[in-house]
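Please read through the structure below; I'll follow up with questions.
Chains here go by letter, A, B, C and D, matching the order in which they are written, and residues are numbered from 1 within each.
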């Protein structure tokens, strides 16, 4: 029942081929230290799930860890432009891009959280996504007789979330925007928390502010200050633009592995 | 655009025949003052929606305001026993009881909040509720070929919620358990907040703690301390057992109207 | 002489296992006390879920306690609202749901809805609350009922609010356990007898061996006293 | 001489009406600035919704601002997470969604997905984010795009990420408006001309009258300066 562990051990528990949900949004609170470790441990054929990803997905594509990406949007914010490694991996046929509207990822995760096989998505009515993404089906609403689009549940094997505070039992709290992290914690079979701060068992029990993610949903907790860096962590740090730029200059997997040895986030 | 109004005016805007969602759970944070006013204004043919109701539904049945109740549970907690007025109204055929599992009310409200015609409810597989409640349909999951139960969306015309703090723009916050109140605020066409405390416009904007219900969803705000009494309001007051018992002694609508003149909650 | 409420609380407590998640709803004082007792004895890692949305609450049940009130949130570690407890059960993650009802038959069917016909009922009951979705999805559904008579344990329920997956029913006289699609007598409470159970049960009794429900230990009684100073566990008997 | 970003921000601002709800996503600096400008001028009761989940945020956009970061929550009145913004639009409650894309045709079809074939793309684009569900459901979808050339405004998009209900497209040269199932030129920005627009557009232009987009007023320019001191509105032009 001991959940508090090292990053190496926690990531070692995630098998090749796993469906992995990633917390955060674009350059905000992505679980970057855990992403680095996935790359270092040379994971293969991961299916990544996220509404809007950036450096996390881009790096795992460069590291050749990825089989497919279910996402609505994969790109850096304006100043860093496209996610070139993701882009090239898809163009070369190495990674399958399963394009969603961000909301259909949310609906697919909600379906998983609700133990339901699918959820209706009223807004997705026409266009080519319906044609190319096998997650979608059009059926007839049995109540009204009108057509309605369903999205199939996506249940990650693991979700990796970087939180602000966690206790050794896996109770975790996020300050500021939660993005889809709380939903991911419910939708996934197992949850790995990396945490900016480790609090003791009384912190949530005795305090006014309660955890957003209950410990019984969490399999592993890793104490990891700066665990979202070089992405931002609300209230702690902004994106580390130098590190991001230095990553963006890498050209292949070997350079990435060298770069990861240098210990990004630890500098 | 002025939302801050009197209870009389706010309730006057709710038409006979409306589908009305009620906040709170059993004897906790039910919007009792608003319920009293619905009775005083002699509303007719309301369709009430709530996961678990008690005195609110019981009183509106005694007042003959109710056409139907969609709920999973209608009863007082142990010491006050059954909701006799609700019970008798159903037995006499005056009120239609549309029995749900509490969760199917939640799913029906979620469907409304998601703009979806229905939601799947994995757990509802057999038994007589499927047979007698027209909200449910069994279909074949187009992804797996397995049977699945759907529950039709319930979109209240109005929801009435008693909150702890609200500002004049309708931003409202609940302390402690939220029950289905936040969901009701999203699922309903219009929302009426009664509030224990009226805060100024800077309270949420400048403060650390934000409103749970954004003002743009709210049509009317009524400043109403003790607005949940004789039910409990977490952090403010416990159930007023004397008032509840005094209500339970009422035998008919006339006695209720007399009792309401006495001004319960105001004593 | 043991009080029935203490025997039932202890029997319900022993049905829980360490590390499990357990949920109960409104006015579920006996399950609340039973779960706290389990947590204080053999199941320290039990996670208690409830209506107000506090995950993993702690004893004691002081003056401010109400089964759906905010007090249950205050000693919780995390917020986990009712809707999400249901979600958890739907996706197969809830270990135990404590539920009740008004009529039960020998197959484990539960009626909490109506006596008589649904559309023209003789008695409109409170309704099954979560049972129609929780009994089929929780890993184990445990029923408690503080009445044991032939109007409660019937040959055929008037209405099937829910069916299937009832693991045990704890009554003032005995513990029924499920064997395939039948309820059989698992144990008879100290002070009662198989004859008494049979006399008060509307369906034919079956059992494998004559077992007696263990009486509450001195330690259990002391813990009950300490955790439930208001004696909420006896509320349904008053 | 007006800066294009200021002309666009003002044109986008004027498309918003008082009392509306408006949403935009990641890296949507121009819509953010336009919405704040509208709020400071003709639409004081605009409710601004965004990725981090703050409903009704306030200017100015200081150093800590990021389009998806927590800064946007701090001056908000309520939390209203992204998932709920989508829900709002699905149920018909979102007035305006600002979206972008890479290719557009004369029917208002939007491509943000791929250049070439979806399964073997020449260029894999970032993806449409929310557009496939927001464009059909928001009361008005407004597109902004800081490039106006024949690779952007094409006769036929390579892939229809979303279609329908685009109310306006604001570019560096003009504002397209929807008329039935067509985009027509609503106004040409000061300093540009219908000829220039036609030269840079891959589909045939239609219009009812030659209108010029109003230039930013001195008051608008002063407000822009004050609310967007970091000049985020020009970021996409650098």
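Convention: contacts are C-beta pairs under 8 Å (C-beta built on N, C-alpha and C of every residue); 3 or more make two chains touch, one makes a residue touch a chain.
Values in this document were obtained by computation on a predicted structure and should not be read as measured data.
Engineer: Can you list every chain that touches chain B and also touches chain D?
Structural biologist: Output, common partners of chain B and chain D: A.
Engineer: Which pair wins on C-beta contacts, A-C or A-D?
Structural biologist: A-D
Engineer: What whole-number Å value describes the gap between the mean CA coordinates of chain A and chain C?
Structural biologist: Taking the average C-alpha coordinate of chain A and of chain C, the gap between them is 39 Å.
Engineer: Centroid of chain C to centroid of chain D, CA atoms only: how many Å?
Structural biologist: Using C-alpha averages as centres, the distance is 56 Å.
Engineer: Express in whole angstrom the distance between the two chain centres, defined as the mean CA positions of chain B and chain C.
Structural biologist: 27
Engineer: If you look at chain B, which of its residues touch at least two other chains?
Structural biologist: 114-116, 121-123 - these are the residues of chain B that touch more than one other chain.
Engineer: Multi-chain contacts only, two chains or more: what residues does chain C have there?
Structural biologist: Residues 54, 73, 89-91, 137 of chain C each touch two or more of the other chains.
Engineer: For the protein chains shown, what form does their contact graph take: line, ring, star, complete or other?
Structural biologist: Here the contact pattern is something else, fitting no line, ring, star or complete shape.
Engineer: According to the definition already given, which pairs of chains are in contact?
Structural biologist: Touching chain pairs, listed by label, are A-B, A-C, A-D, B-C, B-D.
Engineer: Along chain D, where are the residues that touch chain A in the complex?
Structural biologist: Interface residues on chain D, with respect to chain A: 25-27, 29, 51-54, 64, 66-70, 72-73, 81-83, 86, 89-91, 109, 113, 118-134, 136-137, 159-164, 235-236.
Engineer: Please name which positions on chain A make contact with chain C in the complex.
Structural biologist: So the residues of chain A touching chain C come out as 1, 112-116, 167, 169, 171, 186, 201, 204-206, 210-217.
Engineer: Touching residues of chain B toward chain C in the complex: what are they?
Structural biologist: 25-28, 51-52, 71-75, 77-79, 82-83, 86-87, 90-91, 93, 97, 99-104, 106, 110, 121-129, 132, 175-180, 183, 232, 234-235, 238-239
Engineer: Report the residues of chain D in contact with chain B in the complex, numbered from low to high.
Structural biologist: So the residues of chain D in touch with chain B come to 19, 21, 45, 47, 54-56, 58, 73, 75-80, 84, 87-93, 137.
Engineer: Contact residues on chain A for chain B in the complex?
Structural biologist: Of all residues in chain A, those touching chain B are 107, 111, 114-123, 137, 139, 141-144, 146, 148, 150, 152.
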